[in-house]
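Both of the next two complexes hold chain A, though its partner changes from chain B to chain C.
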Partner chain A sequence: MKKLRLLTVSILVALSALAGLYAQELTGEEIIRLAHEIPEPDSSSVKAKLLIHSKKGTEKTREVIMKSKNYGDVTKEVIVFTSPKDVSGVGYLMFNYEEQEDGSKKDSENWLYMPALKKVKRIASSGTEAEGNFMGTDFTYEDMGDRSISKDTYTLLGEEYAGGVKCWKIKCVSIEHTESDPERVVYIGQDDYLLYRCEFYDRHGALHRVLECSEIEYIDSYPCTKVMKMQNVQSGSWSMITMSDVQYNTGAIDDSVFTVSALEQGRIR
Partner chain B sequence: MKKTALLSVLLFAVLSLSFAAEVCFSGETSFSGVLSVPPAGDPWKFTSATVKQTLELDVYGENTDLYVNGGAEYEALGSEVTAFLSEAYADYFTGRFAFRLGRQKASWGTSEIMSAVNVITPSDLSDPVESSPLAIDALKLSYDAFPYSFDFYFIPFFTPSTLPQSVLDMYSYYGIEITKPETKLENSEAAFKGSAYTSAGDFSLYGYWGWEDIPNMAGEYERLVMVGASAAVPVGEVTLKGEAGWYPERDEVISASAGVEWIKNDLTLTGELYGVWNREDKEITGQAGAAVNYSLLEGDLEISAGGILELKELDGAVTAGATYSFTDELKATASAVFMFEGVNGTGTYGAYKELDSLRFKAVYSF
Partner chain C sequence: MKTSRINEHFESFARFQLKHRKAFLIALVVFTVIGCLGLPRLKLTNGEEDWFDNWEEVQMNQDHFESIFGSTDTLLAFIKADDVFDPEVLDAIDRLGNEILQNVPYVESVTSLMSLSIPIGTEDGFEVINPFEDGVPEDPEEIERIRQFILSRESLVNVLVSDDCTETWVIFKLEQYSESLTEAMNKIAPPAMEIFNSESYKSDKYRILPSGLSYTEYEEEKATYEQVVTRIAIGFIVMVFFLAFFTRSVKGIIVPAIATVFALCTTLGISALMGIEGNMVMLMVTLLLAMALSVGYAIHFINAFKMHFRRTGERKESVVLGVRDCGWALLFTVITTMAGMLSFLAGGIKSMRWVGGITAAAVFSVYLYTMVLLPILCSYGKNRKPDPQYVSTEGSTTADLKMEKAGRKVLKHSTVVLVAGFMLMIAMIPGIMKIKVNMDYSDMMGERTPYIKRLLEITRSKLGSQYSYEVLIEYDEEDAIKNPEVLKKMDELAERIGTLSMTKVSGGKPRVKSVTSVIKEMNRTLNEDNPAYYSIPDSQDLVSQILFLYEISGGGDVYNYVSEDFSAAYLHVELSGYDAEECVKNMDMVEKWVDELFPDAKTAGVVGEVLQYAVMNGKLVRGSLRSIGTSFIVIFILLVLAFGSLKTGAIAMIPNIAPVMLIGAIMGYASVPLDMVTALIMPMILGIAVDDTIHFTNHIKYHFEKCRNYRSSILSSYREIGKTMTMTTVILCAMFTIFIFSTMNALCRIGYLSVAGLAGALIADYTITPVLIYVTKPFGKEDKK
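Right after this comes the complex of A and B.
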C-alpha cells in the first residue's frame, strides 16, 4: 500500500546484503534512496484499527477499510470508516500521482463521501493539507504518504539500536523548511532496510513526535508493519494504528472500487 | 400498484439475502427540544420535545445489499407517536451496472447552503429550521465508466414535501384540499444525472421530469421540468463550486449559485451566492450564504455558525451551535437560530420570527 511505504520501507534480500557490504561507504541519502526503491505490491487491502489516546487519558477507536492499487503513474486509494456508528460509511477516495523526474508532481485528486448527506464532495489538494491530522490521529497525511527524496537533505549520524534492531540513524532536514516538523531522525534497519523509529522535530528544533514501528511481517514477500505508534511528546497524546486482514496482490480488487460511484453506493466492504 | 412494487422490493430483498454474507445492525436514540424565543414580555416555552429511536439494518453480499432505516418518534408535547421508514432498498451490482430498488435518498449538486438543482428528493419541512431530505420510491439504474457515471431514475410513486403545521393550517383555514397527482404511469417521474470526474474538476448534468413537491395555492402539485448543471473545480487550497438550473414551467425560470469552499485541517469555510431570475418581474433576486465549521479539543468539540442574507431586503437568518462528543457513542448539541427582518421589515425571513429558538439534542448511537 503506497501510503504505508514510508512506514514499511524494505529492500530485496539480495540488495540488502549487497548494501551491507558497502554500508561503510553509503551516505545517508543513498540509504534512504535504496529504501525507497523497494518493490511494492501492486494492490493491497487492509483493515485498520486506529486507537487515539488523548492527553486527558480518554481513548477513541476508529476502524477503517483501506484499499489501494498502483496504476503506474497514479496510485488510487480508498478509505472507508466502519466504526464507530457516527462516522460509519464516511469514505475518502484519493488519486496520488507519481513524482516526475524534474521533481514536479501533479496535484492529488480527492473526494469525500458523507453518507448522512448522500453526497460526494470534491476536496481541494494543497501542500498544507498534507500536514493535517490523518483521521484525527497524531499521524499526518504526509506521514502516511510517500515523501519525495528531493525534499530533504540527509546526514548519516551513525548507528543505533531501535526496537532491538541495529539501525542506521539518519537526519533528514527539509530544504524548504516550511513544514511544522521540518527535521526528522529516522532509524533504518541495517539488515532489512525497514523503518523502526522516527523522531520528528519542530521548527524550534524541539522533539515533537516519535514514531515506533513493530510487529513487522512478510506477506506475499512484501513487508508489512502491523503496528505503528505515534507519540506526541509535547501534548502527551498518542495514536496507534494496528493492521489486520492484510492482503497483497490478491487480484480481488476490482478497478470499480476506486470510483466515486462505488463510494456513493457503499460498495467498499 | 404500490403493493406490487412493495412485493417486488421484498422479492429482490429475499434474493439479496440469499447471497448475503454479512449482517450489520445499528441504531440511534435521540432526545431533542426546541425552546422558542418569545416576544418581549412573554414567557419562554418549549415548542417541541421529542424522543426518536432509529434502527438500521444492512445485509450485504458480494454483489447485493439490503438496507433498511426506520423507527419511531414520540412528540412529548402532543403525546403523539409516529412511525417512519426513512429508507428501504435493495442493491444489485453487476459489472459496470448497479440497480437500486426501493425507498432511497439522493442528493444533486455541489452547493453546501443553497442549491439550484437539487430537486431529486422532496424535503421534510415540518421544522423549517432543520429541514431534511425525504426518500423517494424509485428504481435507479447506474452505469459507471469512470471517470464518467450515469444515473437514471424511474419514480412511479410521487412523494411530496412534508409541510409545516402552520402551512397545513392555512390550507385548512381556507378550505383548500391538497391533492396529490393520481398514481398512474403517465404521472410517474423520471430523472437523469450524468457526471464526469476529471483532474480539472467534477462536472454533472441533470434532467428532471416530475412534479413540484410543494402544492400551489389551489392545493395542487404542478408539473416540474428541470435541466441543470453543476461543477466543482479545485484551485490550489480551495474548491470553486457552481450550479445552474433551468425551470421552463416556473416563473422563476433560472436558478444559479456560485461558491467557494476552503478546508484546512479542522477548519471549513464556505461562502455562496444564489440568484433566481423571474421572467414575469424581469428581475433577479439574490441571497448570500456563509458557513464556518471548526473542530477542536482533539475533535471532541465541533462549533459551527452560518447565515443567509437576502440581498434586496437585507433580511435573513443566522445559526450557531456546538456539538460535544462525550464518547464515540454519546454526543450533545446546543444551537441557536435567529431570523432578522431586514431594512424594511418586509423580508421573507422576518415573517418567520416565531422560529427564533434555542435547540438542544443528545444522541446515543450504537
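Right after this comes the complex of A and C.
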C-alpha cells in the first residue's frame, strides 16, 4: 500500500529545495533523486475506481477503499474492495517494515479476508510478482512501487510538453535489464517536479505502455495525482485509476482500522 | 468417324502449319508474353485454409472463439532429460527462459520449473513459494526437497513436469499480435531457433525440443519450400537426361524444355491474372506432370517423325506424316488427361480443385507448345537419303521389331492373359476394401521430416500432445460460469471425456484442462491445503472470490479458459494421436454429453481444427469417390466418342480400371490411408494411363481400317508405337520416382503409387488391350482375303 500511496501522492519533489537550481545544471539522475525526496503524508485515506478496458473492448470496474498510516518502523495499509458486488468486502491488510540501518529488512506481513470464507488468511508472501498486473489492471506492482534510484541509469533527453506542462524528459534504463519494460522515458514537470507522463519500452525497444497523469491537486500541501491512465499500446487494452475522497494526515484514521478484526467485521468504509 | 479420316485432317493442318511456320511462331511468342505478364501477381500459399472449402465458416468459428478467449499461440520448449532436476538442466532452463525473454519478440512471460510461484495452504493462511527463487541450490538434498514439493502439486505433475522427472515444459506466453501469423512467425521463429540451436544448449544431459504454432508453422513453410525446390530441380535434370537418352537430338531436348517452362509460365501467369491463388505443395504435381507429359508428347512425335524420315529422307514430308500418325492420338490423350485432372473439380476440396484445374490447363498448354514448336523446328534442316537399312523394315528399328515379336507371344497366349488379368483384378478387391480414410497431418508429412519427427517425439511423451480440441460452453448471462452447478458439470464432462478412446492420459490423469482446476487448487490452498477441499465450492460467492483472488494475484491466465464476463468457458482436450474415425466417434459422444449436461447453454459443443479434419474425412471419401467416378465416366464417354463405338470404348476402359485397382489394392494392403494427397492419385493416374491405351487402340484401328486384319493391325501397332509407350512410361515413372525420395510421406506415396499405377497400366496396355481387341473384334469384321 505504501507503493500505491507513493504514486498517488506522486513520485516526486521538494519544490523549495530546488528553488535556486536551474534545469540546465541538473542531470537526469539529480532530477529523479530530488523527485524521490518529496515529503509524504503520514496517513492517507482514499477511494479509488479502477476501470479496466480489455483488448476485446469490454470494460470492468472495481472500486476500493485504501487507507495507510506510517508508524515509523512500519507502514500499515489496508485495501478493501467495495465493488463489484460479489467481491465486496474482500480485503488486504499489509504491514511493510522499514529498512534497518544495517540494511536488513523484516519481511512484510499480509492478510487476506474473503467474506465468502468468513475467515482471515495470512499470506506468507504478497503472492504477486513485481511485474504481475496490479489488481488485474495494466499497471504492474512495479509501476506502483518505490523503485530504487540505483536500479537505473538516467539520461536527460531534453524538454518537452506533457499534459500541457513543460517537462524534463528523462530516459531511465534498467541496469539489470531483466524487467519486461527495462526502459522508461519519464516526463517530470519543470515547475512542480511531478510526473506527467511515462513511456515504457519493452526488451526489444518497442513502445509497450504509456502512463498519463492528470488532475493533479494539492491536498493539505501534498500533491495528489487523481487520474492515472495506463495504455498498453501493443495489445490495445488500458486501465484508469481515479481517486476520490482523498484525505491526508487528518488524524481520523483509527489504529484499529489496521487490524484483522476490522477486516472481518467489515469496519473499513 | 474413321481414324484415317481424322488423321488426314491432322495431315492437312501440318501442311498449313509448315507453310505459315513463322506466323505460328510469332503468335506463340505473343501468347507467351501475355501469359508471363501475370507471373508477378502469382500468389502461392501453403495454409490449411486451402484444404477447407468452408474455410470462412471455420475461420468464423475460430474468430468467435478467439474473440472470447484470445490467441492461443505460445512458444514452447520441451525438455527431455534423465532427470530434469539435475542442476545442469535446471540451469539451462533458467538461462533459456531469460534468453528467450530478452531476444524473441512477442514473448511476454515464461513459465518453467525455475519460475514457479506456488500457493500452498498453511494452518492460518497460505504461503506463496518460488522454489528456485535463489537460483539452483548447490545442496543435492535441497534440490531433492524441492523436487518432492513440486511433485506434490497436482496442478504441476504431468502438466509441467512428468511424474518420472524426465520431461518438463518451458512455456513462453506470447502477446496477442495484431499482424498475420505469417508476419509474426517470421519475427518469432528465427531468433528462437537460433537460441534453441546454440552451442550453449548442447548437452548430453538434456535435449530441447521446440514447438508452438508460430514456430512449427515457420518450420513447415521452410521444409515445404525446400522440398518443392529440390524436387523441381531434380525433375528438370531427369527430364533432360531422358530426353537426351531417348531422342538423341538437340531439338528433342530444347523443345520439351521450352514447352514445359513456357507452358507453366503462361498457365500460372494467366491464372494469376484471373486472381486465382495457388498451393505450393500441389504445384509440384503440376510441374512434374507437365515436364513428364511434355517429354512424352515430344517422344511420340519425334519417334513418328524419325520413322518416316529414316524411310523417306524427306524432312518436311516426314514432319507432316509424323503429325498425321500421332497428332490426333496426342490431342485425344491431352483431352483425357485433362478430363482426369478436371475430375478433381468434383472433389469438393479447394486445393484439389486448384491442382486439377491448373494441371489440366498446363497439360493443354504443354501440348500446344510441343505441337507448334516441334514440327516447325523439325522442318528446318536438310533432307537426306533414305537409310537403306530401314527402308525394308518401313523405318522400324530392332527394338521395334522386338516389340512386334512380344506382341505375337501375347496374342498366342490370349486366354492366359485374360484369365491371369481377371484373377489379379479379383485379388485386388479385398485390398481396396481395406482402404482407410485418415487425414493425419503428421503421417502425411512423415517422420523423415525433421521437425515432424521432433513433434511426434513430443506427442509420444507423457507431457506432449499435437492434436487437441475444445469444448465450448457459452451462456447468454454474465457470470453464468461462476455457478457451482455449471462448474461441477464441467468437471463431470471432463471426467467422461477422460474415458474416451482418443483422450491422452498421462500418469493416469486425462489431459483435460479447464478453469475448474484453478478453482479447486485455490480452494484447497485456502483450506490448509487439505486434499478434501480439492473440489468446486458450493457457494457462488466463494467461487467468485476465489477467481477474483486468483486474478488480482497475477493469475490473468484464468481468462485463457473463461471469458472476461464469465459467460463462457471451455475444456481443452488433448488427444493421444489421430484416428479420424475414432475422433468422430469421440466427438459425437462429447456432443451428446454436452447436450445432456448443459441444456440451457446458448452455444455448447466441440470446436477446433481437429473437428474440421475429422469432418473432412467424410467429405474426402465422398469427394474422392465423386472425383474417381467422374473421371471414369468422362473418360469412358470420350473413348466412346473417339472410337465411335460403345463396345470399343468399354474395351479401352478395362485396361485402365486395372491400374486404378492396383493403386487401391496397394493402399489397402500396405495400410496407406486415403488423405488429401493420396486422393489425388487414382483420378490422375487414370487420366495419364489412358493415354497409352488411346495411342495403342487408335493405332490398331487405323491399321485395321487399312488392312481389315486384327492380328496384322495389332502387330503393326506393337512395332510402330510399342517402344514409344515404354519410353513415355519410363519417363513418367522416373518423374514420379523423384517423389519417392521426398522426406514428406504424402509425396513419397504419390511417388510409389503412381509408379505402380503407370507400370500396371503399361503392362495392361501391352497385354489386356490387344487381347481384348483381338478377341472381341470391336472394329468390325475382318476381311477374309
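Here, the second predicted complex is superposed on the first by the 232 of 269 C-alpha atoms of A that agree within 3 Å, B and C clash if a C-alpha of one lies under 4 Å from a C-alpha of the other, contacts with A are read in each partner's own complex, and residues count from 1 in each chain.
The rule we apply is simple: a residue touches a chain if its C-beta (ideal position, glycine included) is under 8 Å from a C-beta of that chain, and two chains touch if they have at least 3 such contacts.
Keep in mind it's a predicted model, so treat the numbers as computed, not measured.
Looking at the shared chain after the overlay, A:Ser244 reaches neither chain B nor chain C. In the superposition on chain A, A:Ser256 makes contact with chain B only, not with chain C.
Residue contacts after overlaying the shared chain place A:Thr27 against neither chain B nor chain C. Shared-chain residue A:Arg203: touches chain C; no touch with chain B. Residue contacts after overlaying the shared chain place A:Arg267 against chain B, while chain C stays out of touching range. By the document's definition of touching, of the two partners only chain C reaches A:Thr178; chain B does not.
By the document's definition of touching, neither partner reaches A:Gln100: not chain B, not chain C. When the shared chain is aligned, chain B and chain C each come close enough to touch A:Ser54.
By the touch criterion defined above, A:Val90 reaches chain C but does not reach chain B.
Counting contacts as defined above, chain A residues 54-55, 60, 86, 111, 117, 121-126, 128-129, 131-133, 136 meet chain B in one complex and chain C in the other. Every residue of chain A that touches chain C in the complex is listed here, in rising order: 54-56, 58, 60, 81, 86-87, 90, 111-112, 114-117, 120-129, 131-133, 135-136, 177-178, 180, 203-204, 206, 234-236.
Residues 22, 26, 28, 60, 65, 67, 91, 93, 95-96, 98, 100, 105-107, 110, 133, 142, 144, 146, 149, 195, 197, 199, 201-202, 232-239, 261-266, 298-300, 328-329, 331, 363, 365-366 of chain B are the ones touching chain A in the complex. The part of chain A that touches chain B in the complex is made up of residues 52, 54-55, 60-61, 84-86, 88, 106-107, 109, 111, 117-119, 121-126, 128-129, 131-133, 136, 237, 255-256, 258-262, 265-267, 269. Against chain A, the residues of chain C that register as touching in their complex are 67-68, 70, 98, 101-103, 105, 108-109, 117, 119, 122, 124-129, 175-176, 178, 479, 482, 526, 537, 539-542, 544-546, 548-549, 551-554, 556, 564-565.
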